[in-house]
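One structure is given here, and the rest of the page talks about it.
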Amino acid sequence: MEGMLTINNVWMMICTALVFFMHLGFALLEIGLTRQKNTINILFKNLFIITTGLLLYCLVGFNLMYPGEFNGFFGFAGFGLDSPMLNGGLDLSYNEGYSYWTDFLFQGMFAATAATIVSGAVAERMKLQSFFIFVILYVGIVYPIAGSWKWGGGFLDELGFYDFAGSTLVHSVGGWAALVAIWLLGARIGKFRDGKIYAFPGHNMAYATAGVIILWLGWFGFNGGSVLSADPAATSLVLVTTCLAAAAGGISSFLFSTFLYKNYDITMFLNGILGGLVGITAGADVMSPLDAILIGLIAGGIIVGGVALIDRLRLDDPVGAVTVHLICGIWGTLAVGIFGSLAGWDQFLYQLIGIGSYAAICLVGSFLIFYPLKLSIGLRVSSREETDGLDIHEHGMEAYPDFGLKQP
Amino acid sequence: MEGMLTINNVWMMICTALVFFMHLGFALLEIGLTRQKNTINILFKNLFIITTGLLLYCLVGFNLMYPGEFNGFFGFAGFGLDSPMLNGGLDLSYNEGYSYWTDFLFQGMFAATAATIVSGAVAERMKLQSFFIFVILYVGIVYPIAGSWKWGGGFLDELGFYDFAGSTLVHSVGGWAALVAIWLLGARIGKFRDGKIYAFPGHNMAYATAGVIILWLGWFGFNGGSVLSADPAATSLVLVTTCLAAAAGGISSFLFSTFLYKNYDITMFLNGILGGLVGITAGADVMSPLDAILIGLIAGGIIVGGVALIDRLRLDDPVGAVTVHLICGIWGTLAVGIFGSLAGWDQFLYQLIGIGSYAAICLVGSFLIFYPLKLSIGLRVSSREETDGLDIHEHGMEAYPDFGLKQP
Amino acid sequence: MEGMLTINNVWMMICTALVFFMHLGFALLEIGLTRQKNTINILFKNLFIITTGLLLYCLVGFNLMYPGEFNGFFGFAGFGLDSPMLNGGLDLSYNEGYSYWTDFLFQGMFAATAATIVSGAVAERMKLQSFFIFVILYVGIVYPIAGSWKWGGGFLDELGFYDFAGSTLVHSVGGWAALVAIWLLGARIGKFRDGKIYAFPGHNMAYATAGVIILWLGWFGFNGGSVLSADPAATSLVLVTTCLAAAAGGISSFLFSTFLYKNYDITMFLNGILGGLVGITAGADVMSPLDAILIGLIAGGIIVGGVALIDRLRLDDPVGAVTVHLICGIWGTLAVGIFGSLAGWDQFLYQLIGIGSYAAICLVGSFLIFYPLKLSIGLRVSSREETDGLDIHEHGMEAYPDFGLKQP
């Protein structure tokens, strides 16, 4: 029925817009949790990711990820530009849930997200040029190939691995690369001194909070759109599990961190919400509201422990990206085997295999990108640039030049 | 027809997302209109309200408000978690306008709003712990019971009282509690000195303005979703009356305040827009565009007068919450008896009875929460904490720690 | 079929909300790219534009633009308030794509946009009162009459001129007035001194970036809604071409400016994205993705060249509004004759005629508004006010009064 295609497509377009909007959430969260002197640098990276990500997904990613003829690991079916849809028509037999173009744009918005996660982890010290090269290779090649294993109908899909909206395929894919990056990059100057850990407070908690609320809003589209239709039972359940997990994650992180540190720490609250969102993403469509709350509560605890663990490992992750996206991504993926309608030992095993497979491709893939960069043009800015701030050196300006002075 | 359920449900999910997004609007407006030193505290409260509000509505609120077997004043039908929908199915006979889960989430987003209104009024001096307890009791119990009187099919609904989207049920319910709170709390230190009123300028007009524009956007969902279906005649009329009242409210406040104070006061413009929005909310579906403009123009005038009145009463309401949500909420509720298709003496009387009933439950309910808190753990932070700012004392950090200094 | 009307109407309402949200994007972009001391002034102007714009479009604009009986150049069919729809009914025969009210609100949101463009160009030195008068006359009269030539079925529509969503009808209409305004106003004090051009860095790059991302999001509605139905083939293609042109515009501007100035200039990246968006707007529904990328790439180059050109002409355009909206608007309009399914010499000629016609009405119309204002009450604030900032003089407050001091 034409009406159903139209309504499904409307829902998918709205979800696409919401996932696009997440890029503002990521940008505000990242600059909010880092220092003022690197603000423009982070914003610039985010603009690069959105624009390049879309163009790359159009040129190669879409067809790498959803190959016409899939061969098990890789797939090529021409380039996105060379599609049968180019003549303007809409192939109604393509899919009853949405048009070819909506499919492309929705998936394209996802692609850029993985790189954004890395951007937060490497903030305040990574060379812009090296980051650009990483984005092009990781978003252009690693992400779509990895994605094809499950969403492109690859071997993990045939096996029974389940990842509804990308706890693993998007968040862990970004998180693994973030882990490799911060290991190769090293910590920011002064972060670990004399055996102690120094907190570098973020420069704007209003931005960070706005970022998280925008990300939560975007998750309505991220998870809601992953139903791939407007089916009322599935979409509305997904929104409920998504929101309850976010709420539970935030409350849990808030309570754990207040109990441990005797302080109402807003960054823990924020990251707890994100942890809950990442945690529910793999199984948002197969959980009851109670399951979702439990997944979120555990995710919130993981956030508090994970942030402390990363610090103890002397890894410097300015925004907590590895904890939020990698550790909670793993948790969410495992949770599909523990809670909800798919729970069971078999499923738990499939989830473990999936997590391991993605660990392998992402660790290898990101190392093969970052390490040659480190040996050649270098990953890191000079200590002078880092101390002064990347904005002045790489961008020739400050983010807020009027502070404390009267301009002409 | 399945297609109509799908499209109605899509509209309701979008409206739910928009109402969720209002929480960013409230947060930005509140921090924008208050001082920098209390920014994290306000953001923290808002995060608490969203997360706790949703969880509470899931646990008790939804069933308190929409009881299966209503007994006139109270209703219990198990807890939201123990619903017949838990097994994943969607009962198509539930409602032709939306699914059970969408209904829950949309109403749950409303529930948290009432507490947010109070948050603005008590800003900069209330103890976080006391505020948390208030939120749990007010959002968990008072709001849904009060709501059930009308939207749950209670006695005010049977009487003929009309409140389309919550000028009274949401905004005044928040506003009455705000009034009780600021009366019990007292003014901020230095607000009223030597018989004079001192203005404490908000610390960021960009945040405040962004907050109001986001709130206006959210009102597309707040009022548009209150149609409870995507009916094209009703939804599109509601969006038009909503936007015209907002526009008229803003212009009216701007003109009145400019005339009186010879100054282009942006906070008056902003609150005028909100006053227009609150004012149209009770009757957005029964007004013509011209009615909406008149309601907005009057609301804008009320804002200018109300803010002066609250000051003269020596009540300290940092963001004008009582004027915007309570006084304009009352105005909007009365306007249903004066303008539009329901206008008439009978209706006006029903509206008065409704307003009086909500005044009673909210004044009593909030007093029964706040007064024992005042006598026990106290409502107010120490004068030292208030002077230094709540961010440093309760949260151990500043919202913008980089101002005027170079970090390591 | 009633279902199709409902779904089309839902899409159009969402697009209306997104176009409304663009006003936040414009506001943040404008304040971000200008100096702190004029922030409230710019926000105030933007609030005035949204509210007045909607009211004016209701009072006169809608009927001027879409006249019942069109006479070639002008049309009057009563006022928007006096419509056959006032009695609450929805005339299903009105349009199969959306209701009468949705039509009004969507078009009304467009109307205000033209004035917003001018606001950015005249920032930091124009008298608020004169700007208000300009807005009332330009949005109330010039915009709808000009719009009626094409979208109201006027002579340019009959000729074959094509402008899908307003590269010319909205963006150039604003851009021409911006050009006249900055020519009559003159440059900000100190901008051009001793034969040199001085850059006045904007005061907040985070706001500017957030503004552009919000504008991009809004463009989903601006272009997506211009399909005037939810047709899945057309709407989803339009979103793809819109996003690809934005991405290509940003990347192109970034690469050109980095090559020329050896600096990663974020304002160029931002304006490149906007240039791509304005450029695709005239033909978003008739381009292939490859066409869209090419149009965006060229628009990005135009941005870099245009900004330099405006500077060289000693015109002072603080936010680059003329380059983004006028020059890229012309480019996008011409592109319809060069790329895509309408391309051809005939079409190119129609596009030229359209551009020329709009240049004529807008240059004459805006001159007839601005010049008498200049001779009477004046366009420009005093040099004292300009130096101190408009916020202190016109609004009696600062945007961020807490900077560097502890408030009471």
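In order of appearance the chains are A, B and C, and numbering begins at 1 in each one.
As a working rule, a residue touches a chain if its C-beta (ideal position, glycine included) is under 8 Å from a C-beta of that chain, and two chains touch if they have at least 3 such contacts.
Note that the coordinates shown come from a computational prediction; the quantities given were computed from them, not determined experimentally.
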Same-residue or different-residue interface between subunit A and subunit C, half as cut-off: different
Superposition of subunit B upon subunit C: rotation angle, C-alpha, nearest 5 degrees: 120
Centre-to-centre distance between subunit C and subunit A (centres being mean Cα positions), rounded to whole Å: 33
In subunit B, residues with contacts to at least two other chains: 3, 7, 10, 14, 204, 403-404
Complex interface listing, subunit C residues touching subunit A: 1, 3-4, 7-8, 10-11, 14, 18, 35-37, 189-190, 198, 200-206, 209-210, 213-214, 216-217, 220, 224, 230-233, 235-237, 239-240, 243-244, 246-248, 250-251, 254, 263-266, 269-270, 273, 286, 288-290, 293, 341, 387, 403-404
Subunit A to subunit C touching residues, read off their complex: 3, 5-7, 9-10, 13-14, 16-17, 20-21, 23-24, 27-28, 31, 39-40, 43-44, 46-48, 50-52, 54-55, 58, 80-81, 86, 88-90, 98-102, 104-105, 108, 128, 204, 207, 394-404, 406-408
